[in-house]
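Both of the next two complexes hold subunit A, though its partner changes from subunit B to subunit C.
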Partner chain A sequence: MRKRVIVDYSDRKWVPFWQRAKETKLNRSKAGNGLLFGLMFICGIFMALPLVMIINNALKPLDELFQYPPKIIVRNPTLENFTDLFVLMSDSWVPFSRYIINTIIITVGGMVGHVIVASMAAYPLAKHRFPGRNLLFNMVILSMMFSWTVTQIPQYLIISLLKINNTYLALILPAWSFGMGLYLMKQFMEQLPDSLMESAKMDGAGEFRIFWTIIMPNVKPAWLTLAIFQFQHMWGNTGGTFLRDEELKPLQYALQQIVQGGAARAGAGAAVTFVIAAVPITFFLVAQSNIMETMTTSGMKE
Partner chain B sequence: MANKKLTIAKRQGTLRYQIRKNKISYVMLAPYFILFFFFTVLPVLMSIIFSFTDFNVLEMPDFVGWKNYIKLLLEDDIFMVSLKNTLLFAVVTGPISYILCLLFAWIINEFKGKLRAFLTLIFYAPSISGNAYVVWNLILTGDRYGYLNGLLLKYEIINEAILWMKTAKFVLPVLIVVQLWLSLGTGFLAFIAGLQTVDKSLYEAAAIDGVKNRWQELWFVTLPAMKPQLMFGAVMQITQSFAVADISINLAGNPSINYAGATVVTHLLDYGSTRFEMGYASAIATILFLLMVGTNKLVQNMLRRVGD
Partner chain C sequence: MRKRKLSLSQKRTVNGYLFILPWLIGFIIFYIRSIILSAEFTLSELTVGAVGGYELKFVGLENFIYAFREHGTFKQVLTTSVFDMIIDLPLIIFFSLFMAILLNRQFKGRTLVRMIFFLPVILNSSAISDALELSQQMMAGGISAGSSQMAAEATSAGVDVGYYIGLFTDLAMPETVLDYLVAAVSRINSIITASGVQIVIFLAALQSIPGSMYEVAKIEGATAYETFWKVTFPMVMPHIITNVVYTVIDGFADSQVVTLAYDTAFTDFNYGLSSVFSLVSTAVTCLILVLIVGYIQKRTFYYN
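And then the complex of A and B:
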């Protein structure tokens, strides 16, 4: 076993990237830093385009929204679009708070449940040896390659047979069993050294305890990433054919109804686009800043 | 009595004993795999069965044997065009997207803290903002006010505005460019997370062993340490590259001009959601599935050699 090395940057004061590279990372040349920084800057402008446009459109007054050819940058920013949106929201048939509650249940339920259920299944697949292990894992991988479009109808039939149609469960339960989450978690858990679990086993910890207190904290970057994917996916769900009752529909559906009001609602529509993007982005930023260097794995590999 | 049986089974190392011994593993697997069976395995099996039937969603399916497959592979010219487009698309965008994901994840990993989270957002923006196609529709507008046309006219590279998405020869190249711009998605975030879990002490050890610069460090230390994530990224890339459809439908329409933007999945959607021929659509899905499985086998074998 290699000697334990702890790399701890927490007491270091902030230094700009171009100065820092030399002291915190090994083998970094100035020219290389410059090259990479330049590349990031140029590409970054193109990649940020959709965000820039969403923000600017949301702030544009109507005459600028209808301008042709459209300009990207707003000239007379205003919050009118948001007040329009609030007016429209307040006179909807079902109280708007209802849509918000629905979305919270569906998004949080689908996300948290999936992360837990998929991680719990990924752990034995990554670390235990038992009959059927490869079969189960290969089934998950293969399932990701089958076109989702054609499985929708059988899935609808099964959901009807299980009598969970027109309930939140019709959206939440299928989301728990997505293949990608299990695969992602399994790949990260596979990397953890076996010694990590063995010492806990010696101390008498059961498998569930090992999973929850040792494995999960060590794969924090993985489940935070999975949470981002799942949040984005569930947030974008409009309920489709699975939720018929208006009182069960999620926010996404209600907001899209507003946009479909046509040209008269172009202003509110721009605000809607902003809101639809802003929520998952906020979640993304919170999760990404928490994907910090997990010190625990440092020096623990054999 | 049961105990005695078990000791005999244990001595023989039978399947029964193996299953009993690993009871806890199965308990942990159960919640996921029960749901997985109902919402994924069963629907996939049903779709494969539908592919041998004539099924219009409303009436009971009629068994027709291999008819759908024979029609698909021998008579459907548009399927051949869409298959050719898809393969071309996957061969070009698959590897490039994959390398871009890895490259940008690695560069971003050189940054720290809030700046890093912000840069990740900027590069992930096309995947999260939800208006990517709106942006490209503006850029590709066919009159002289479209951004791309405007730019090319201004510098006199072209003499008249080009209807980008209505000119067959431009459709596929443009879709490829847009796809590359959109490529920093699932794989990218998985790589970012993966880079976080690489053991830092490996870098110090490598420096002592004579690794001289960051490029060597990437090849000899980082990539081998990230093999599980590389495998994951490859599978995601394959499923995305072969299943391309949204981008074509949103930018070129379905059907696109002279089928220049037709892909296997747009063809499938045409039959599945427009014509309600689910049997035929399922046959397309099954062929696509086999194609992806084969490609996956090939790519996984290649990835095993990383860092050797």
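And then the complex of A and C:
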């Protein structure tokens, strides 16, 4: 019989899976590990291919871009496309930095506001009992089912009625009260033990303090996830019908204009696609690596 | 004058609403009102005025009657959308839970692998898909006939599908077999790409399971299989509901019904009919969700 060694997981380091099987892995064989790895690898390839293509396209010289049948991997990588893009940027109608500032305002405003407002609303819905609670929550779910692509006309009417048309607020404010964030936050807050808040209350913390210093740190994975979604959502916004002035348009719009230049701007277009994809990916990587294990019940003895 | 003292439950209500207030104001202004406005559109005929305004003429249930009795494709499109979603839903949920559990394990380059699985969500934005489609068209030798459709197919997988389809046709593969294979493969891809958000939600759910539970299971001598069914699965259960709700909503958001409603509004300028389409599809989604979530909720374990 094989001797089982108890492994202390508190300071566990990464061990390659072929060595790991010798330790106390009770039910996992080498074959199983290999199978899982293979499955993940295949699925991963499916998902990573577009990104590989975007990166390679950005580095391809023009003649390779138009090649048929296309090659995924670049043969003679150049940075020509990026220099083309910079040239195009520097003679745009309004200074290009303007677009970048607009995007930062809209994305950060929409993301931070939504995370705070939605979490605040989710807290009482998850943890307090009061009249009208269920009605409110059902309303949120119902609103999420509505297909918003079709309600562009009513939305436009409301925004012009509020006279925030053609300002940043036309994009930022509706993003704050989106239903999805509230729903996500509520589901996660519901799982926190009540005793955590009760002990805080006994120590004399007010409701807001409980929310800010007890609840929010404990649902960090949830709100970081929400921030990722919202960042992606706001970043992809082109301003659409709500922003008319060129000085208010976000970066996404300017880049889309370049792409729509067609075959003549194919090189710059490939570089643009790379830039558009790279920023949310970077944000995702930073946010994901910040999601640490939160110990909900640490410091609690029942 | 003595200030009226609030009872504990009243205080709690006031506190609760204070927290909800900022969100609620925006929600009522931007979302509830546009739902009400489009409900109004369903019952009327909308004509756009010359100076930018619009006029509503009340026509009763005419739009509904037209949609169900006379409209050529609406009923068929609605049923296909519903069936597609019902087939995809369990596949997406199980695939994403499985992937989340794999990605939650400790291994080097974990963040990178997670990023790869979140990619479809990021690459879904309109600007990127426009650009990708364009580059596909350029590769296919300019905007020649049929190439845009092929390019659209090709972008969905990120590889040139049309090229391989052509290759198999040249190899004299029977057309029915080929059609089935293409449909099956394209479904796999749509399931994988539709699970990005769900994987991230499940990951966050797995992260919020207290580690002490696993320690207890280990001390009690539970096997990995038992640990999954007795600890992981019950603790993730509430988020299975979250993901079901998200999947259904997301699936309907770019289903054929919504495309139909969008085209009716912005190509045919028939806002009333388009609002009927979206209202009916909302009602159907709602019904499906109530049935599924009601079924799962009975079997859900809540930590408190």
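As a convention for this text, the second predicted complex is superposed on the first by the 266 of 302 C-alpha atoms of A that agree within 3 Å, B and C clash if a C-alpha of one lies under 4 Å from a C-alpha of the other, contacts with A are read in each partner's own complex, and residues count from 1 in each chain.
To be clear about the criterion, a residue touches a chain if its C-beta (ideal position, glycine included) is under 8 Å from a C-beta of that chain, and two chains touch if they have at least 3 such contacts.
The structure displayed is predicted, hence computed values, not measured ones.
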* Asked: Putting subunit B and subunit C on the same copy of subunit A, do they fit or clash?
  -> clash
* Quick one: classify A:259 as touching subunit B (first), subunit C (second), both or neither. => second
* Based on the superposed arrangement, let me know which partner A:141 touches: subunit B (first), subunit C (second), both, or neither? => both
* Is A:104 in contact with subunit B, with subunit C, with both, or with neither (first, second, both, neither)? -> neither
* Partner chain(s) touched by A:219 [first = subunit B, second = subunit C, both, neither] -> both
* To do: Check whether A:285 is in contact with subunit B, with subunit C, with both or with neither, and answer first, second, both or neither.
  => both
* To do: Would you check which partner chain A:40 touches, where first means subunit B only, second means subunit C only, and both and neither mean what they say?
  => both
* To do: In the overlay, answer first, second, both or neither for which of subunit B and subunit C A:32 touches.
  => first
* Mind working out whether A:79 is in touch with subunit B, subunit C, both or neither, as first, second, both or neither? => neither
* Check whether A:162 is in contact with subunit B, with subunit C, with both or with neither, and answer first, second, both or neither. => both
* Asked: Common interface residues of subunit A with subunit B and subunit C?
  -> 14, 17, 26-28, 36, 40, 43-44, 46-51, 53-54, 68-70, 117-118, 120-121, 123-125, 128-131, 136, 139-147, 149-155, 157-158, 162, 173-174, 176-177, 179-180, 182-184, 187-188, 190-191, 207, 211, 219, 221-222, 224-225, 228-229, 232, 236, 273, 276-277, 280-281, 284-285, 288-289, 291, 293-294, 297-298
* State the interface residues of subunit A toward subunit B in the complex, per the touch definition above. => 2-5, 7, 9, 14, 17, 20-21, 25-29, 32-33, 36, 39-40, 43-44, 46-51, 53-54, 68-70, 117-118, 120-121, 123-125, 128-131, 136, 139-147, 149-155, 157-159, 162, 173-174, 176-177, 179-180, 182-184, 187-188, 190-191, 206-208, 211, 219, 221-222, 224-225, 228-229, 232, 236, 273, 276-277, 280-281, 284-285, 288-289, 291-294, 297-301
* Can you list the subunit C residues touching subunit A in their complex? -> 9, 12-13, 15-17, 19-20, 22-27, 29-35, 37-38, 41, 99, 102, 106-108, 111-123, 125-128, 130-132, 134-135, 138-142, 155, 157-160, 163, 188-189, 192-193, 197, 200-201, 203-205, 207-208, 210-212, 223-225, 235, 238-239, 241-242, 245-246, 248-249, 252-253, 257-258, 261-262, 265, 271, 274-275, 277-278, 281-282, 285-286, 289, 302-304
* What does subunit B use to touch subunit A in their complex? -> 15, 18-19, 21-22, 24-26, 28-29, 31-33, 35-36, 38-44, 46-47, 50, 57, 104, 107-108, 110-126, 128-132, 134-135, 138, 141, 145-146, 150, 181, 184, 186, 189-190, 192-194, 196-197, 199-205, 207, 211-214, 216-217, 225, 228-229, 231-232, 235-236, 238-239, 242-243, 265, 268-269, 272-273, 278, 281-282, 284-285, 288-289, 292-293, 296
* Spell out the residues on subunit A that touch subunit C in their complex, using ranges where they run on. => 12, 14, 17, 26-28, 36, 40, 43-44, 46-51, 53-54, 57, 65-70, 72, 117-118, 120-121, 123-125, 128-131, 133, 136, 139-155, 157-158, 162, 173-174, 176-177, 179-180, 182-184, 187-188, 190-191, 193-194, 207, 211, 219, 221-222, 224-225, 228-229, 232, 235-236, 238, 252, 255-256, 259-260, 262-263, 266, 269-270, 272-273, 276-277, 280-281, 284-285, 288-289, 291, 293-298
